[in-house]
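Note that chain A is present in both complexes that follow, paired respectively with chain B and with chain C.
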Partner chain A sequence: MSSTPSQPGQPAESTTLLSVQDLQVEYRTRRGAVKAVDHVSFDVSKNEVFGLAGESGCGKSTAAHAIIRILKPPAYITGGKVMFMGHDVRQMNDMELRRFRWRHVAIVFQSAMNALNPVLSVGNQIKDVLRAHTNMKPDETHERALELLRVVGIDTKRLGSYPHQLSGGMRQRAVIAIALALNPEMVIMDEPTTALDVVVQKQILQEIRQLKDEFGFSILFITHDLSLLVEFSDRIGIMYAGELVETAPSQEIFNSPRHPYTHRLMNSFPTIWGARQELLGIPGSPPDLITPPSGCRFHPRCELALADGTCKQVRPMLIDVSSKHRAACHLVEQQLAVQKETVP
Partner chain B sequence: MSENIQPILETRGLTKHFFTGNALSRTVVKAVQDATLQVYPEKVVALVGESGSGKSTIVRMLAQLYKPTSGDIIFEGENIVKHTSRAALLRYRGKVQMIFQDPFASLNPVHKVSYCLQRPLRIHHKAPPGMASALHRQTIELLEQVSLIPAEDYIKKYPHQLSGGQRQRVAIARALAVEPKVILADEPVSMLDVSIRLGVLNLMDRLREMHGIGFLYVTHDLASARYFADEILVMYAGWIVEKAKSEELIQNPKHPYTQLLLSAVPDPSRGLRTAEIEIKGEIPNLANLGAGCPFAPRCSKVMEKCNTVMPPITTFDDGSWTRCYLFPNN
Partner chain C sequence: MRFLVRRFLFYLVAAYVAITLNFFLPRLMVGDPVQVMFSKFQGRMDPRAVESLKETFGFVDAPVHEQYFTYLKHLVKGDLGISLTNFPVPVSEVISGSLEWTLRLVGIATIFAFSIGMILGTIAAWRRGKFVDTLILPIASILAAFPYFWIAMLALYYLAHIQGWFPIGHGYNLRLKEDWGDRAYVSSVIEHGMLPMLTVVITALGGWMLGMRNNMINVLAEDYITLAQAKGLSDRRVMLVYAARNAILPSLTGFAMSLGFVIGGALIVEIVFAYPGMGFTLLNSVNGRDYPLMQGIFLMITLSVLAANFFADVIYVLLDPRAR
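The block that comes next holds the complex of A and B.
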């Protein structure tokens, strides 16, 4: 572990590693186009943990898969830009993409059992990555595979084990080892601990943090579990119905959320240590994205929707609430306008 | 919990062993061992544990889907383990109902909501035979009770036309149809979206109050157990290791496993970046358990006797109890 572990809300450096601008992804179905990701923009800095949260079907995984272009039809990127260290990922040809994936950005999927090949030993699967992307000699790949197992806390005797011989936590560690094989600048983690028990989850997240501080990669962390995300990330983006509705440092989003959806979401899960109070959840359910609501997509479920119909008609844009905090809500816009008038 | 109120459903020394393997190498999986719990009318008792700890096995024994290896299940003062005739089962299931985890799998996809709700009404003779209008009225009432309004719209729908939260509400309405005294809810909200969960938990709480139903709430989520339940039981590797009132268990956990579980739950309200905890080992293989406490290999306060004999129950003044040598019987 490095001597200066990064603190939430304070990314170690503010150099942008990944910049997603106006990303749009559609699923073309027989019923029509599902706008799964709609004009989503965010940046991830070097050595930062950026969390993307939202309910199922809000487009968070689709956005992540679009970033490294592993979407398969019927999903198509229909607009926007993905810039990684100054390179436009959407313009890359097959060769460039092959070099970009894993060497620069690796991904950890939710279900380790499906991500691993059941008929290959763990060691062979790590070596596979090394063989495919480097010119290492066999004894070098073997050494590196052993080193990676040590790094993620698996006994090196397990090199020859098959996935079914490992526990769920071990399997997820093996997947993380494969992701780290080429020392990528960024690791996308798509619900990496959702299938695990809380104790194992805690263990693995602690280890990921240590590895991050040691190797200095960024993490794009995707989960539906907000309490986990607030604890784990530096900055958080909240998605709803394909749109990014708020981004802020995690502490700020927890203590003073500005978007009504974020606010209600923060009051939707019971906590262990907070006051034991009645919680309400959010009435209604997330919309059908083939025909999303007009204006603000959250307006049918929002009790604060403006009476003059603005929320229903006009789509709110992400605006700066403070230097690090952005929200897409007409109400916030109004409040900010009032503040400007009163404070000359 | 009031001392003079009798539990409506209780177990004594409930044990379930599964046998796997063949004649040459037989393995015994000790899924549940010596489980004692009580469900009281109008109260919620939560059974919390990680996957594979045996909580679903307990529920399935209580629903009489599994036959216990040994031990008793007492419902309204009668030991139901001995009564397994069809008629007795039907009678029991008219009073004890179950809600399953996955509302996408627990509703028959080829039938409408009306069929799904009228089947229990017919089977348990809750509607006079041949009275289609009465049946229809009861179905509407059930849907209204679970806040699927306007009920006339939902009655004609198929499960695939409903969202996860709505399906779980239909599953709850189906359990309610027989006017049960106890509902066994096996992870009823863990498959639902965060914003929907609270609605379903609050609905169950309202029904508990309205109909005086006793709930056994099975979950892996301690925070929701604290929110919904009066009393929490913590399970580890087939054993119930601690029982206490919800708030007491959270504020003052006794068993080292409960303490570990609590420290692992992510919770932003406790301050960001909580203290890192020392966690070693994983859940043991239930086919290969030693004689002692199953938590001993991971426990930081392990003593010599922990590895040889499972600690007995130590009961405290407030009715809570734990199985741990740190709390010796006096």
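The block that comes next holds the complex of A and C.
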């Protein structure tokens, strides 16, 4: 599963912004260590939208939080490397970390409802990040706060409003405004639209796209909604039970998913256009990560699992399906081997 | 602002109801309490005291509504009748005499206990599981579990009686005259107040601290705390403006309630230390069956609880924009 950025299929070194290598995160519980993120590697290039998808509890949020080191006990990073623009995030001390976060990487949280301090006005929550990182004078921070509100489409009169006075969509916009305050190179978006209704969701995603094109930041987008991700992101990584099982450009994931789990996940969503088809869903439930299944973690739920027991015993590695498409599945390995034989 | 006006009107109505109940309750009693008391004193009661009593309770030969209006009229003038045990001093004078002692002792002690409790609770939660927390937590739990009178008597016995570090009782050295211009008097008041205040603060502290620590721990798990930290804000700002300011809100109501009950005096403190405050006066009035005084004190307690609640609303509005 380990990979280095120089492998084929990876973006060239110069454009790589974030490189996560063999990241491991554990939740230390009384019952034992939960391996929430297990040897996960991926890169995000400049100006790219990389989507991370998977069921609840697959470790996608944990991985994202680990990248900017905001995990709280009992979660601990136990291995791997997080390189951001050539800097090793895991080696940073408190001061360096404080400067690194927000100036370079900002995060937008899952629930906008709880991401804002209820007793501080929106304006003050934008200004305090400016004050913490820059030497701006009060009137400059004020100007910048107004500008940010304009950018995300909130009426500037709302500067003095408190979070409870804003609608869900406006709150999420305010959180995005806070994230963009320092023009970061990358914004991690952890289910930014999950709490919103579909219409507002669409609007906000469009606005995020526009903002991204305007300011040129990369996005690490985390969601359980694969259909949304296919539309929104350039590349997608699918996580299952703490592991990255497939990465590919969005269209390729959509048109020809290779991992059985991805395939099932694609079939879990109805399409608005196109033929009516039965939703398949995925039988069974996500495994217990204290004692994960042997071999391929998906094998107990996989109807295609090989009869010879390979899937149960051998852990599959991420292998190149094509130059930009990688999957971790014994079936894919076999198919590729067959292809090689038939096309000598 | 509209919220505060609404609350104020509500408390005004509540106060009126309390005052009215205060008038009607004695009337609902079987028989005439004045006659009962008169017989208890076996005729040794001053006729003027009987008159005063009758007037306080409104047992005069007039229609009820007239009595009621007389009662209200007297109340507005601050006339609560004549105290029986301190005859012929008016109730209002007795109350104002003891009120200042209580306000000073219990009021300051309550504010101190609350403030220190909030600060320690904040720090303990912030450094949860660290040394400070593991040190403060058991001490606070033990203190909060101790019965107050036990600590008070222990302190009185050991620190005042055996060691002689503090005076045994009363609000000031009785050989001095009550004169705030006199340095000796002031220092005597402080000296006499120290031990009772210390015992009140120490026992009340634990509860406030534990409450604040729990609230803080809940708030610290909120997303906006993680976001504030990710924003690169200073620990100080995250702890005070993001965490503590939200965590303190649930404690405010309790604080206001305890401020309201300050007027009732910390009954046990004042009894143990023979401190001349409202609690001590209430005890004396009950022992002496001084109904006018009791009634006056109860009315004061009711009104002060209402006032304290209004005060809590004001603070709430200042600290929590959602209440505005």
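Couple of notes before you dig in:
Please note the rule applied: the second predicted complex is superposed on the first by the 330 of 344 C-alpha atoms of A that agree within 3 Å, B and C clash if a C-alpha of one lies under 4 Å from a C-alpha of the other, contacts with A are read in each partner's own complex, and residues count from 1 in each chain.
Heads up, the rule we're going with is that a contact is a pair of C-beta atoms (placed from the backbone, for glycine too) under 8 Å apart; a residue touches a chain by one contact, two chains touch by 3 or more.
The structure presented is a predicted model; accordingly, all values stated were derived computationally and were not measured.
Partners chain B and chain C, once the complexes are superposed on chain A, both fit on it without clashing. Contact comparison for chain A: of chain B and chain C, B touches the greater number of residues.
In the superposition on chain A, A:230 contacts chain B only, with no contact to chain C.
Touch criterion met: A:55 reaches chain B, while chain C stays clear of it.
Draw one line from the C-alpha centre of chain A to that of chain B and another to that of chain C; the angle between them is 70°, to the nearest 10.
When both complexes are overlaid on chain A, the residue A:67 reaches neither chain B nor chain C. Contacts of A:129 after superposition: chain C is touched, whereas chain B is not reached. Residue contacts after overlaying the shared chain place A:116 against chain C, while chain B stays out of touching range.
Of the two partner chains placed by the overlay, neither chain B nor chain C lies in contact with A:211. By the touch criterion stated above, A:251 is placed in contact with chain B alone, chain C being left untouched. Between chain B and chain C, the smallest C-alpha to C-alpha distance in the superposed model amounts to 9 Å. Only residues 68, 70, 72, 98-99, 101-103, 106-107, 109-111, 114-121, 128-129, 132-133, 162, 164-165, 175, 178 of chain A touch chain C when the two sit together in their complex. Here chain A touches chain B in the complex through residues 7-8, 55-56, 167, 169, 197-203, 206, 224-228, 230-232, 250-251, 254, 264-265, 268-274, 276, 278-283, 285-286, going by the rule given at the top. Residues of chain B touching chain A in their complex: 50-51, 163, 165-166, 193-199, 202, 220, 222-224, 226-227, 247, 250, 260-270, 272-274, 276-277, 279, 282-283. On the side of chain C, the complex with chain A involves touching residues 222-224, 226-234, 237, 241-242, 245-246, 319-322.
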